[in-house]
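Next up, some structures in structure tokens.
In the two complexes below, chain A is the common chain; its partner is chain B in one and chain C in the other.
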Partner chain A sequence: MDKVVAFPLMGNYYVPSSFLFSKISNCKILKPPAITSKTIELGSKNSPDFVCTPFKYTLGTFIECLDEEANILVQMGGGCRYGYYYELQQKILSDLGYKFDYYNLVSKGHTDIKKIYRILKEINPKLSKIKTIYYFGITVKMVKYMDKIEDYIRENAAYEINKGEFKKVYDEMLKKFSKVKTYIGLNIVYRKYKKLIKNININKPENNIKIGVIGELYTLMEPYANNYIENMLEDFGVEVKRFTNVTYLLFEKGRKTKKYLKKLNNIKYKMGADAMDNIYYTKYLIDNKYDGIIHIKSSFCTPEIGSMGIINKMCEESNMPVLFLSMDANTSNVGFETRLEAFYDMIEMRKRNE
Partner chain B sequence: MNKCYLGVDIGSISTKGVIIDSYYNILSSNYIWTLGNPIEAVKKLMKTLTIPEGYILSGIGTTGSARKLIGLMLGANVVKNEIICHAYGTLNYYPDCRTILEIGGQDSKIIMLNNGIITDYAMNTLCAAGTGSFLSSQSKRIGVDINDFGKLAISSKNPVKIAARCTVFAESDLIHKAQLGYKKEDIVAGLCKSVVLNYLNNVGKGKKLREPIVFQGGVSKNVGVVKYFNEVLNTKVIVDNNSHLMGAIGAAILSSKEGSNKEFNLNIDNIKFETKGYECKGCSNNCEIVRILKDDKLIDSFGNRCEKGSGIKI
Partner chain C sequence: MGDMMKIGIPRSMYFYYFKDLWINFFDFLDIKLVISPETNKEIMDLGVKYSIDEMCLSMKNLIGHIAYLQGKCDYILIPRIDNYGIDNQTCTNFLALYDIINNLFDIKILNYNINLNNDETELKGLINIGKTLGLSRKEVIDAYEYACVKSGKIKKSKVLNNLRNLHSEKTKILLVGHPYNIYDKMIGEPIINMLKKLNIEIIYSDLFFVNDEYTKYSKELYWKYSRENISSITKCIDKIDGIIFLSSFPCGPDSLVNELVMRKLNKPYINIIIDDVESSGGIETRIESFVDIVCAI
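Up next, the complex of A and B:
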């Protein structure tokens, strides 16, 4: 039987993950079908009711993949309930009668390359160390390049003169990224597209509205889970700042949290997952005179519930508009739009009267 | 010719319309039930509103949960969400207002203001507890006309305690209390109080309610709820005579601010409007695409999540 690997979807990150697996494993890669309402239905049906929403999304994707032909699943784990996804999903899926191997690459939010290597070796016993390090290096670099470009796009996409140009060029870049063979090849593609993207004509007003989006990582990074909030903000003409991305979570978090903790004098502990990070981001956004903060989380996300009270107080003290959104698997689109629209109108009204 | 502006607020329960002049004085207004059919309700509303001699209609603003549909239908120049409209409407009468409490049929909201600028707002999230539809369904259950509800409530000297957290609990609690033989007015008063407590716990959670406080929306016409707001907040909340029309007034004001040189008219009676749902089969999302037809011609469609569903032809 052929080995077929599948992994959950999150934003555009299937590009680097499928790149890595296609290079270092002897398996076929199954690109998961895009998340649709059917995915969530499947996920919600087979999940505990009060589990956080990313669990439902990823479980739904896994079921869809297993139904196709996947037999190896790869999941990550974080420093909250995310850390238990692996065990629970394995149990649920095998109870459903699926036969598969299930690997957890990252546990407790620590990226341990030795452990990842051990797991990859299990999937592909012929794997060589040098090859792993080489392709792992390329993947890391690819993620970093993607995040850099995405940051730039978020800052400027609202002001592009020809609508949709950023997305078009960026999608092209992702396609080229997936075909990259060497480290140098990756750099060449990156430099070419960086130039193309920087050359896109924009018309950015001087006193534009800037909003920072913070919150729980999966809901922030998977556009389907957050109702395409970034696109909606861009349509309003807002510059969006997002801190959370894979570069940060996998490669920088360990180092930066210590730094953040030192700068926050009201927080002494890490508070689990990204709660403390989000409090630091709030401070950053307030200090850097952003116009508003949107905090997004999936329902029942415990660490973020802990941070919300503190964020609310900080914003109240510094007179910063803040909107808390809690996304469930079946959130109505209309109520969401009304709240977001009102938030934008409020900021715009404040800004005009300054 | 003087200019005048129309504001329409189409809620789930009631439809409100006002016509104001350019100094924001009300020339004509009406309040009717939506009865689950916003198109018919607006047609009926348009027949009852009159533009006085010597005025021309130079703007239409729509708000409320059917704002998009009715905005298209009337050709409105402003389609705005309820929060902004309520704030503008209220600020016109109470420029120094700091807090707006609004309880409507289906949702409730709180708006904080400072120097005429919205600083914060919140809407009810998951549940319809403490909204007008809850009150009206319970009034039917105990056989009290919704219009007498408030009067009956303030006549009570000993309101019963009703669980305020959730409609389901409130309802079973209510049945329980009724079966124990409590007086009707005590139960009604208890319900009004539970609406107030539920609102303050859910919508007003963690917010500082600064005075002056203005209370509006359909439920503000219920004197029982007003009484318990005064009691619980230990202050006097302001209820304007036009408190039920504030959203519509705000929409009209916004439409006058937007400014338009077009002339609008109220005569839509002979035009046929129709909404047709369509399930896009482009992918497994099965987006429900809403198409608005005016005299069998497609004027707009929305509800699509991607480009596939955008250009749907009939």
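Up next, the complex of A and C:
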């Protein structure tokens, strides 16, 4: 039987992850079907009652993948509850009658490179160390390039003259990324598209509205889970700032959290997952005179619930508009849109009255 | 150090893990304690008033107790437990607790941090507290030793009692939950009373000494307090007739761990989630029918 690998969707990151797996494993890669309401229904039906929403999303995706032909599942894992998803999901899926192997890369909140290598070796026993390091390096670089370009797009997409140009060029870049073969090849593609993207005509007003989006990582990075909030803000004509991305979570967090903690005088300890980071971002957004903050999380996300009170207090003290959004598995689009519109209108009015 | 100084201890969360240690520690040092009363409606209402809507019931409970103590003492004791090693972490609420409280109330907090990954032990934390209170290192160490022995003795007798109950003739039900839920006046106690009225012998999940026999149910489990709960099941599953899982809504670790364990159990069980402490009617019906089932088997 052929080995077919599947992993949960999160934004555009399936490009680097499927690149890595196609290079270092002998398996077929299954691109999970896009998340739909059916995915969520499947996930919710088989999940415990008050687990956080990413559990339901990823479980639903896994069921859909197993229904197709996948037989190896890979979950990213992480700190907080995310690192423990794997054991319960494995049990739920095997209780449903599926046969599969399930691997969790990060648990207990710390990344163990050796363990990840062991897992990859288990999937593909012929794997060589040098090859792994080489392709790992390319993947890391790819993620960093993607995050850099995405940051630029978030800042400017609202002001493009020909609608949809950014997305078109970026999608093309991702397609090229998935086909690169060498480190140099990646750099050439990146440089070409960086130029193309920087050359896209924009008409950015001087005193534009800037909103920072902070919160829980999965909901922030998977557009379906946050109801395409970034696109909606861009349609309003807003420059979006988002801090959380894979580059940050995997390669910078360990180093930066200590620095952040020193700069915050109202926080003494790390508060679990990204709670303290988000409090620092709030401070950053206030200090840098942004026009509003949107805090978005999945319902029942314990660390973020802890940070919400503190963020609210900071925003109140400095007269910063803030909107808290809690995304459930069945958040309907309509109420969400209304709230976002009202928030935008309020900010816009404030800006005009300045 | 003035004789008049009073240290407040909220009767919630950590209290149920450390009460004997703290009471004896401060008793040895002749420091007066103000312990908030058993949870009542006033405290619960305060908790709901000050906390964020989505917080778990136990956090609301703690915040209520602290709000009650506000102004009644000079300091409030709020430790922070990060981990007892990489495999023994705590819920993120425990990590964030100090900062949440510190930003919510204008109170003086006595805080110590347990983070064995970083070599911060309980004793080191208490020595730091001693510094704030003007106590010498030696005084603190003496008091800590005294408190450890005393609290150890109390724990021992409770554990013995629990083990003895395992051999009781009555129907035995294991009550699995965090001590701050089980022993709380408004969360767990109504359930304990119901069970006692039905002539059930209750075995408590927190009253065991060895706490690392969880692997039968969950291999990767890395929350210290969940480990303790689950290992109690491994240890007495053969001797009990049924299991009651008690959690507060929406407890993060419990939502996953209990579900996983329940899928692997071969004994009758019931999962009780307390959200609202005001009404216990529904729970009473559920407990009664559960006991009927257990007794019928």
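What we mean here is this: the second predicted complex is superposed on the first by the 352 of 354 C-alpha atoms of A that agree within 3 Å, B and C clash if a C-alpha of one lies under 4 Å from a C-alpha of the other, contacts with A are read in each partner's own complex, and residues count from 1 in each chain.
Here is the rule we go by: contacts are C-beta pairs under 8 Å (C-beta built on N, C-alpha and C of every residue); 3 or more make two chains touch, one makes a residue touch a chain.
These numbers come from a predicted model, not from an experiment.
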- prompt: In the superposed arrangement, does A:353 touch chain B (first), chain C (second), both or neither?
  reply: first
Task: Kindly classify A:66 by the partners it touches after superposition: chain B alone (first), chain C alone (second), both, or neither?
output: neither
Task: Answer with first, second, both or neither: which of chain B and chain C does A:36 touch in the superposed model?
output: first
Query: Which of the two partners, first being chain B and second being chain C, lies in contact with A:326: first, second, both, or neither?
result: both
- request: Using the superposition on chain A described above, determine whether A:273 touches chain B (first), chain C (second), both, or neither.
  value: second
Query: In this superposed model, does chain C or chain B come into contact with more residues of chain A?
result: C
Field: Which of chain B and chain C A:214 touches, first, second, both or neither
entry: neither
- request: Applying the touch criterion given at the start, work out whether A:48 contacts chain B, chain C, both or neither, answering first, second, both or neither.
  value: second
Field: Doubly contacted residues of chain A, that is, touched by chain B and again by chain C
entry: 309, 326
- prompt: Can you name the residues of chain A that touch chain B in the complex?
  reply: 33-34, 36-39, 228, 309, 312, 319, 321, 326, 334-335, 338-339, 341-342, 345-346, 349-350, 353
Task: Over in the complex, which chain C residues touch chain A? Could you list them?
output: 51-52, 54-56, 80, 82, 86-87, 89, 91-93, 95-100, 102-104, 111, 113, 218-222, 249-253, 255-260, 263-264, 273
Query: How about chain A: which of its residues touch chain C in the complex?
result: 48-52, 55, 80-81, 83-88, 91-92, 95, 104, 107-110, 266-273, 275-276, 299-300, 302-303, 305-310, 313, 326
Field: Of chain B, residues touching chain A in the complex
entry: 65, 80-84, 115-121, 123, 125, 206, 283-286, 305
